[in-house]
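Next up: some structures, all given as structure tokens.
In what comes next, chain A is part of two complexes: it sits with chain B in the first one and with chain C in the second one.
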Partner chain A sequence: MTDRRRPWVLLGTAIPLVWVAVTLLLPYALLLVQSFWHQGANGRPTHDLTLANYVRLFSTSLYPSTILYSAGVALRVTIASLLLAYPLAYLLAFKVQRHKQLLYMAVIIPLWVSYLVRAYAWKIILGQQGVVNGILMSVGIVHAPVTFFLYSTAAVVIALTHIYTPFTLMPIYAVLESIPPSLREASHDLYGNRWRTFWHVTLPLSLPGVLAGCTFAFVLSMGDFIAPQLLGGNDSALMVSNLVWSLFGVSSDWPLGAAVSVVMLALTLTLLWIANRASPAARKYR
Partner chain B sequence: MKRDWPLYAYSTAVFAFLYLPLVVVVMYSFHTESIIAWPLHLGTLKWYGVLAHDRAMLSATWASLELAVMAVAIALLVGVPGAFVLDRVEFPGKEAFRQLVLLPLILPGIITGVALLSYFSFLHLSLSAGYPTIPGWPVVIGHGAALTSVVVTQVFARLQRVDRSLEEASADLYANPWRTFWYVTLPTIRTALLGAALLVFTLSLDEIAVTFFLIGRQNTLPLQIWGVLRRGITPEVNAISTLIFAVSVVVIVLWSRLMEEA
Partner chain C sequence: MSLLELRELSRRFGDFVALDSVNLSVQSGEFLTVLGASGSGKTTTLRLIAGFDRPTSGSILMDGTDLAPLPPFRRPVNTVFQHYALFPHMSVRDNVGYGLRMQRVAPAEIGRRVDEALAMVRLGDFGGRTPKQLSGGQQQRVALARALVNRPRVLLLDEPLGALDLKLRREMQLELKQLQTQVGITFIYVTHDQEEALTMSDRIVLMRAGRIEQIGTPREMYDSPRSRYVADFIGDTNLLRLGNDEVSVRPEHVQLIAADAGGMPGLVDAVTFVGSTYRVRVALADGQRVVALQSAPREIGQRVAVQWDPSRGVIVRD
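Let's look at the complex of A and B:
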């Protein structure tokens, strides 16, 4: 490295480091510190340190039960996304020869289309005067509109599954694509039938992609707050992010909101850490 | 092929599931009634006309575009050196830097949103600071902070595949570091830069979780649409959604061309 270059290298290193410290490290650190602040009687936090927010969080049934409910929704979304994405990824990777690139693009186009559009579209489909009810009634299966499609946990799960299926598919497809054809051919040569080849060769080799896709779907759907708000309707369908949203909004209790966020953050990081430990190869896809 | 028909049938159904909502929204943007209900009555462009005269929606669109351009500028300015640092510079705490940069991508957006809100409030920086010249400094910084990671990951991935011997050859031929960068390194990462810029632009246009907490007086397009949706779906929202869909398709086609070129 010549001396003439040195100041530029220093500057080029300093810019991203300082930026990340000032716009990410400090805000996340402040969130952590704020979760130990005391919420004053006048609605403004004082900077005395206390564990009161965490005590309240775990002693009020609302927060733990909402976190569990959100995890349950996220789990259902993850399983559904995996069941939808894996066969499609398999088809694209091994069966399709013509227009493969085009088809893959067609799968990820919905990912690029406005998140909001994808969430509220389900309102048109599942609503009382919606598409599903309209078709059911005109065919004569039901005579009055079914009201429980919309504003239910099921509606939230359907919308989130729709949103995160392409996310789940991408790493699975990437892993399936990278499996050397010779491995699958070897299995065939050794008289493994299609199921045995899948079960003993393809599936184990694709697990890192499955893990990466599932982690994505779980973490992102657990932290979602807009689809539950648009499609969940009543308070019972609210997710943990909706609580954070209201604590930083109308309820205006930032320290408690920070504590809930820190719990979410800890859960997310633990999950990513486990996924990472479970599969070193999955690291590539983060 | 014949034995695979269940797989083909299933995949077709998955495709239908992925596209059904988009098709429904596009169809209902041509719905003649103002109440969105079944059955569908196709055949009007009037909602696009209503949209063209909706000043709140237009100024929100403009604000979103401004914000996206600034997010791209910041993300490139910080993210490109960031990718080089990860690829080529050794320093203590590098692993921590790598993890921290990625956090906004893997954490639910709302956490980054409330963290930045608390931070700006702690610093007494008003959410409308800079308005009306820009949509507001906090939201600009917020988008920059959240989306820098996209540029870092995309450019870093490309740098890992760059053949370093080319740069050494250039240096051996007495090119100074700037000429080597300009004629050797930059052309190899050009498509990655463009691809990352497009990605940041689209993600910024669609961002809600961080934006919601940091926005000052001027709504962005998704926040404006969300505000309308909370009162109910209007055909006008379907019209703007259809336009967004059309633009997204153009962008992704461009993007995939860039990625194929690489």
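Let's look at the complex of A and C:
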């Protein structure tokens, strides 16, 4: 590279770095500082540093229990997404011969539809006048609309699963596509039938993609707050992000909101770190 | 005794005929090479025998049973893949033992046979490694051990030496041939390298555009090519039009004699040193060129005549 071009390279690297620093790192840093501020009696924070927000967070059962509840929802979403995405990715990667790109796009396209539209769609499907109730009543299985479909944990899990399954599918599909066909042929050649070939060759080689997909589904659904609000209904179905939202909003307790956010961030980063550590083990031989 | 028989075997992909009614009989214990350019149908033939692909029509008979309807995991054949296709997430031992595990052989016997197979390819100390930690030649030998440990009726090899450098390839050719003689298993070996085919094979099947062009021992293929394609594909040759015939003469059979001593007169127009000999090219009076291998160089522009023992000039059809 000639010296004359170096300034441009530096500039090209510097701009994105500055962008990330200003829009991502700086807010996180502010959040961290804010979480140690003191919530004044007049509802406005003072800049005296204190651990009181964290003490309150862990001593009020609402916050730990909501975090656990959110993790539980995220776990169910992750499992459901995996169960849907893996077979679909497998079919796309190995069984579909024609229109492969088209089908892949069909799976991915919901990502381009507004999140709100997708969340509201489930309200329509699961509601009292909704599609599910309509079918059940017209077939005669129930006589009055069933109310527990909507405004329940199940509704939240269903909607989040729908919203985040493409994120699970993409890495799994990518890793399945990257497995050389000759490896599966070699297994067949060595007396491995279809099931045993899947179990001993395809599945272990696809684990890095599974791990990446599960991390996406878990982290994204753990942090979601719109679907719980639209479909979760009552307070018991609220997720931790809803709490953060109201702490920064109606409750106007920014320091506590910041503390909850920092704990969430720490949990998420821990999870990503674990996934990152596990992934070399999963891709050890690739 | 015929072990494997292909009868009227065809494979079409849409309008493209990859394999066109091929008949072939493979003898028990022989080293058979399927030779051909890319697109000649040699790999298709191999994949049909292995079961990775299904024929459009025809049958693949082994001891009188048709293998064509069977999936690959029910066929008594094993394959050495072009890029080895070793399982990257398993150790060398687990790779070699894979076929036996799938056949639910007792663990003690698996251990014993894997040891044997690794010793046979001189990789006894490498069982604990992963394929990634091995050189290309070593991976190649693991692939061989992984297939041979199952004692297949027929071993299929798909350009197994293609990824190795020339020197290693020559070594492996000899090693493969010795191994085949030692284990006595029928090898069907696919390659586009005619030299490889000549070196190792008991018989060569030369394929062209989905059909068999000629079958014979390496000697027959070299000395008595039936068509100009065979003569040209296998070894170096001079193809000369003499009257209504086309004649193939190998450069080592062309003699250079004095210009007035009979034969066909011409002028030496190129001389290249090729190690042990010189390639001397002669331009004949009618413009055709003949290459002769000579132990001594010639002057460019020298007037000479070429001749050959009539038995060495093979009339070939188009």
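Everything below uses one rule, namely that the second predicted complex is superposed on the first by the 266 of 286 C-alpha atoms of A that agree within 3 Å, B and C clash if a C-alpha of one lies under 4 Å from a C-alpha of the other, contacts with A are read in each partner's own complex, and residues count from 1 in each chain.
The rule is short, and it goes like this: a residue touches a chain if its C-beta (ideal position, glycine included) is under 8 Å from a C-beta of that chain, and two chains touch if they have at least 3 such contacts.
Keep in mind that what you see is a predicted model, and the values were worked out from it rather than measured.
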Request  = Please work out whether A:189 is in contact with chain B alone, chain C alone, both, or neither, and reply first, second, both or neither.
outcome  = second
Ask   = With both structures placed on chain A, which of the two partners, chain B or chain C, ends up touching more residues of chain A?
value = B
Ask   = Of the two partner chains, chain B (first) and chain C (second), which one does A:54 touch, if any: first, second, both, or neither?
value = neither
Ask   = In the superposed arrangement, does A:180 touch chain B (first), chain C (second), both or neither?
value = second
Task = Applying the touch criterion given at the start, work out whether A:224 contacts chain B, chain C, both or neither, answering first, second, both or neither.
result = first
Inquiry  = With both complexes overlaid on chain A, does A:166 touch chain B (first), chain C (second), both or neither?
reply    = first
Task = Please write out, lowest number first, the residues of chain A touched by both chain B and chain C across the two complexes.
result = 286
Ask   = Inside the complex, what are the residues of chain A that reach chain C?
value = 180, 182-183, 185-193, 196, 200-201, 204-205, 284-286
Chain B-touching residues of chain A, taken from the complex the two chains share = 2, 4-5, 8-9, 12-13, 15-17, 19-20, 23-28, 30-31, 34, 84-85, 87-88, 90-91, 95, 101, 105-110, 112-118, 120-125, 127, 129-131, 133-135, 138, 162, 165-166, 194, 219-220, 222-226, 229-230, 241, 244-245, 248, 254, 257-258, 261, 264-265, 268, 272, 286
Key: Complex interface listing, chain C residues touching chain A   = 50-52, 71-73, 77-79, 81-83, 85-90, 98-99, 102-103, 130-132, 146-147, 150
Key: chain A partner contacts - residues on chain B that touch it in the complex   = 1, 3-4, 7-8, 10-11, 14-15, 17-22, 24-25, 28, 35-39, 77-79, 81-82, 84-85, 89, 91, 97, 100-104, 106-112, 114-119, 122, 141, 144-145, 148, 152, 176-177, 202, 206, 208-209, 213, 222, 225-226, 229-230, 233, 237, 241, 244-245, 248-249, 251-253, 256, 260
